[in-house]
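What follows is a structure written as structure tokens; I'll ask about it next.
So that you can tell them apart, the chains are marked A, B, C and D in the order they are listed, and the count of residues begins at 1 in each.
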Amino acid sequence: MRIGVLTSGGDCPGLNAVIRSIVHRAVVDHGDEVIGFQDGWKGLLECDYRKLDLDAVSGILALGGTILGSTRVQPTRLREGVERAKGHVAELGLDAIIPIGGEGTLKAARLLSDSGLPIVGVPKTIDNDIASTDVTFGFDTAVGVATEALDRLKTTAESHQRVLIVEVMGRHTGWIALHSGMAAGAHAIVVPERPFHVDELTKVVGARFEAGKKFAIVVVAEGARPQDGTMAFEAGGTDVYGHERFAGVARQLAVELERRLEKEARPVILGHVQRGGTPTAYDRVLATRFGWYAVEAVHRGDFGQMTALRGTDITLVPLAEAVEHLKTVPAERYAEAECVL
Amino acid sequence: MRIGVLTSGGDCPGLNAVIRSIVHRAVVDHGDEVIGFQDGWKGLLECDYRKLDLDAVSGILALGGTILGSTRVQPTRLREGVERAKGHVAELGLDAIIPIGGEGTLKAARLLSDSGLPIVGVPKTIDNDIASTDVTFGFDTAVGVATEALDRLKTTAESHQRVLIVEVMGRHTGWIALHSGMAAGAHAIVVPERPFHVDELTKVVGARFEAGKKFAIVVVAEGARPQDGTMAFEAGGTDVYGHERFAGVARQLAVELERRLEKEARPVILGHVQRGGTPTAYDRVLATRFGWYAVEAVHRGDFGQMTALRGTDITLVPLAEAVEHLKTVPAERYAEAECVL
Amino acid sequence: MRIGVLTSGGDCPGLNAVIRSIVHRAVVDHGDEVIGFQDGWKGLLECDYRKLDLDAVSGILALGGTILGSTRVQPTRLREGVERAKGHVAELGLDAIIPIGGEGTLKAARLLSDSGLPIVGVPKTIDNDIASTDVTFGFDTAVGVATEALDRLKTTAESHQRVLIVEVMGRHTGWIALHSGMAAGAHAIVVPERPFHVDELTKVVGARFEAGKKFAIVVVAEGARPQDGTMAFEAGGTDVYGHERFAGVARQLAVELERRLEKEARPVILGHVQRGGTPTAYDRVLATRFGWYAVEAVHRGDFGQMTALRGTDITLVPLAEAVEHLKTVPAERYAEAECVL
Amino acid sequence: MRIGVLTSGGDCPGLNAVIRSIVHRAVVDHGDEVIGFQDGWKGLLECDYRKLDLDAVSGILALGGTILGSTRVQPTRLREGVERAKGHVAELGLDAIIPIGGEGTLKAARLLSDSGLPIVGVPKTIDNDIASTDVTFGFDTAVGVATEALDRLKTTAESHQRVLIVEVMGRHTGWIALHSGMAAGAHAIVVPERPFHVDELTKVVGARFEAGKKFAIVVVAEGARPQDGTMAFEAGGTDVYGHERFAGVARQLAVELERRLEKEARPVILGHVQRGGTPTAYDRVLATRFGWYAVEAVHRGDFGQMTALRGTDITLVPLAEAVEHLKTVPAERYAEAECVL
């Protein structure tokens, strides 16, 4: 068989592990040929590819990034390019395409699958917001990086007797905030799923100081927003520099909490460091298993599907189902976190 | 309510996180009182305990070890002590006991539960060998430590053009070997579930050298053994020093592989470093959730149960079921690993 | 003897290691008594202290922060308090005071020393800007944290084909930028000691893209500034939120480079994470040695001095000399870095 | 100019950083040509080399191992090969050779230098035993790895109420033991420079238990030996497996201490993990600076020298002086460590 692979969307620790696993399983066990498209869907549309043999994937298991590159392609551009893509697939004699990517990528995968291309997707998101899999690779690494930073910040917050508002990734969901906050013992966790009331947050943090503690750590997902009308809030996008996170939520919360608590409050924005670099062992194993099963699905002709983790098993779910809705933090998980903060 | 907690068995990263979580949930949310028995079952038998309030668990979330201490108590001693334990529970007015421990501890828990004590267990094992939960805390940290060591050893093996045989924990099951070996890209993984044939192992490693590679990493679980009659093998226990791992499997395999391959082969025994120190974020979250749900079970009167992870949910399983058999590496998981080695 | 210890200024990994070392050396070897003042000079002025015995410093060697707390005291307040401080020293029967702190603390130490108090200082700065010692504890940890972040950011910058401008600590000196930039193989390093010309920086980064590379990492110290008149630059302090780093140099450089290079450029501000948490082994050893020698100096009556590292030896230098000028990055060190970027 | 580079001896984190730095400095700044000999002196003797341009060293800064490979060549073989080496140098038109290696390599370098070849050495040793430089790259990483392991082992020792005897590298000198032991707060440190008396060691460890502590960590350098006649001691080399560390000092000490203290004592042998993998930031900076200055020395014609760190400066010392004697742990450094254990 001849299989095409591509990676699309933002960086995510474990992409290379998936690529390597696909090549090992396909080439060694099945005698397949594997090619990699350069820079995601763009490579497919422009027929920009290279052969992936064992040498090509040697030593990449623990490397962050993706040896295939990645760009975000506009959905409309892809929609217009379906015929071209199909043409290239025919031309190259491909029996299957395995796109590795997040929500946008999987939607595109579904589009191409619906148009008749043989596709098996591999889900990727550091945000943990793809509903039909227990978890995907990248999330564990992101949580680990954020937790390690929080561990360090605690001693500084304590030394300086400050409130630190630590902004972690998560535009639409609060999974990284929830898990890193629980792991590091944050004193409040603010997620997009539950618009916050600054009065309540002030009360929670204030209670700590009243109890004689000298510092507090608040973890806030970048997409968290105040309840309507409860706090002046400057949405992103107004930065004189044109940068989106100008008036990030951590920054604005720091101002509000400092004013209300009369304690020094400082924002810390962890940023891109959460999505790069060496994956954790957990993510490497999961990514490797996903690659393995994607090749299996190809050989069984199970197209239009995506690999997924359910418990300890890797299964397949229809792409249609995979992209139906975001997986948000449910109330009971938030409640768990709240009680042990 | 009044709840007693104890930790028993070998060290495992996350024990303190469970203790802290129990205290937070019980004291803050339910207004319970929590006491901690010193040194595991011994503390219960000798009525050696102390009160655990919020201050007592402050700052312990990320610490390895257990603030309650831990000793291994002989099952017979415990069996003889059942009446004494019941007496202390009555005397202290305890509504529940939450023992945190591995297979032995859970068996003891079942014994006490069967005798009428109100018990909710929390499973603990770095080996991942408890069947009725997807995973327990401690395993992720152990795999992470082993993987990091393997990452480092790779460059040395390559520089020295050697075969390194790296022995990881796992007396009865090969989970740590499987996951760390997959995560680090080991070239062979040897587990107790599949007695190895040294000829085959030699062939696998030899093939690498024939293909022009200059080194190999073999991960072997400490409990792995050769197929009967295939290799002279010295079982543990004969050490002139009285130490059990004298003639460990890695050491003996190194000798055999060196002789057969005519390449330098060296054993590396990772040892205790796998079971101590700061837990990973994954283990801290899981441990925290287990503690939370153990308290919930107590308040619902769900005794004779153990907390368990199923997918992303924490559930309860009967202690009877929990200790029925070891969870071993199934053939299909081993096959996955094999193909991407 | 009776010795008073205090920590003052910002958080710095290794403070607890110094405290522990002082107590061990003084109590165990010399039979001294040690007390710790709470929250820096404030504790001395307000006679707020506690006894430090072996138990008090047990387990703190690897902890970030300081068990004694730390606040910044205004120099004027301290100047007015000299007599009060002397009164407390007499009252408590102290034979020596060991303040551990940065430039401000050492200046205060000199003031008190000149007024007749028996003082041995221990230098502390993550910025490495104290001239009379080769290096102090805290710097190695800060460089390590920044380097690890840079390692991670590289794969993301490459995946996203971006320029990342990473702002590290260093208001007046570029040591952290220089060392972390060299260690991580940054493509440009911008330090306060050499006001940058944005045209030149654009040229350096642009040359990389012309050579076919797809990303670049620029490390910039927070105190770096453009050459006069070369770039509109908004100094700190104008933030509507009242926060000082509003228009930080990384943010402004990102805008300029994006506009000039027509490549996506993003700022990443590492912030407080550089100054907290567990110290590296290097910093623990240095901190421990400083504590040891400070006690030695006390016993030899060598007051008005500060411990210092010279090569592999710990020596003493007069406090007067220690605070004379900042240690800036010399031209030849910057040149070394430049050539291997 | 045309410069040949080679790496020789055991693995050491930072080798690739030196190679990269040499290439950057020589090629970019001086317009030189650089070639790398394969597998150390062997490559020079057999004229096995390849060109090293910027692409060849791209991305290797943080990698452990050496892209040039390394083998140990017998001194006699090298001595006999001097004329051949000189022939190859002439043939290849080399203006200088930069060997990077430890004591053996530097002795060989001196031999070749004395025979008239233009040589600038770069010292390499994780053991820190080269006398004429304050420190070399590799040592900081080894100490860091050992310290991290000791941090983890502490909680396990405490949980299990054991004495752990942790064997670190150091056949002839105790630098790694000293620094990792100080950094991790070990309770005893045993080095080759001071043959130990098992009675005294027992007393030191026993005193801890008498004081109510429940565990102890002893760090011992692999080359440490008992004082003559004080303890039955089995030297290396008698292993039925032919392995040298069969009856390692940690193993034998564990037996003795267990017997005398009546406490469980277990050996842990850290092994090769100390000499592989990613270098610390400290080692990367030092390695980079060494490479830079080696090229400078070549251009100034300063042959027969070795780069060295003195304080914060890189200098040159004659090869003759460099290999004169081992740098051992001096009594005063050992005394420092002792008091804060």
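The rule is simple: contacts are C-beta pairs under 8 Å (C-beta built on N, C-alpha and C of every residue); 3 or more make two chains touch, one makes a residue touch a chain.
All of these numbers come straight from a predicted model, not from anything done at the bench.
**Student:** By label order, what chains touch subunit B and subunit D together?
**Tutor:** Looking at subunit D and subunit B together, no chain touches each of them.
**Student:** Check every other chain and keep only those touching both subunit A and subunit B; list them.
**Tutor:** Where subunit A and subunit B might share a partner, there is none at all.
**Student:** Quick check: superposing subunit A onto subunit D on C-alpha atoms, how many degrees is the rotation, to the nearest 5?
**Tutor:** That rotation is 180 degrees, given to the nearest 5.
**Student:** Hey, which chain ends up farthest from subunit D, C-alpha centres compared?
**Tutor:** Looking at centroid distances, A is the chain farthest away.
**Student:** What whole-number Å value describes the gap between the mean CA coordinates of subunit B and subunit C?
**Tutor:** Chain centroid spacing, subunit B to subunit C, equals 41 Å.
**Student:** Averaged over CA atoms, how far is the centre of subunit A from the centre of subunit C? Could you give it in whole Å?
**Tutor:** Computed from C-alpha means, the inter-chain centre distance equals 34 Å.
**Student:** At what distance in angstrom does the C-alpha mean of subunit D lie from that of subunit C?
**Tutor:** 29
**Student:** Residues of subunit C touching 2+ other chains?
**Tutor:** 151
**Student:** For this structure, give each pair of chains that are touching.
**Tutor:** A-B, A-C, B-D, C-D
**Student:** Considering the complex alone, what residue numbers of subunit D touch subunit B?
**Tutor:** 10-11, 15, 63-66, 69-71, 145, 149, 151-161, 164, 214, 241-243, 251-252, 254-255, 266-273, 275-278
**Student:** Which residues of subunit C touch subunit D in their complex?
**Tutor:** 20-21, 24-25, 28-29, 61-62, 134-135, 140, 143-144, 146-147, 151, 179-180, 182-185, 280-282, 284-285, 288-289, 291-292, 310-312, 336, 339-340
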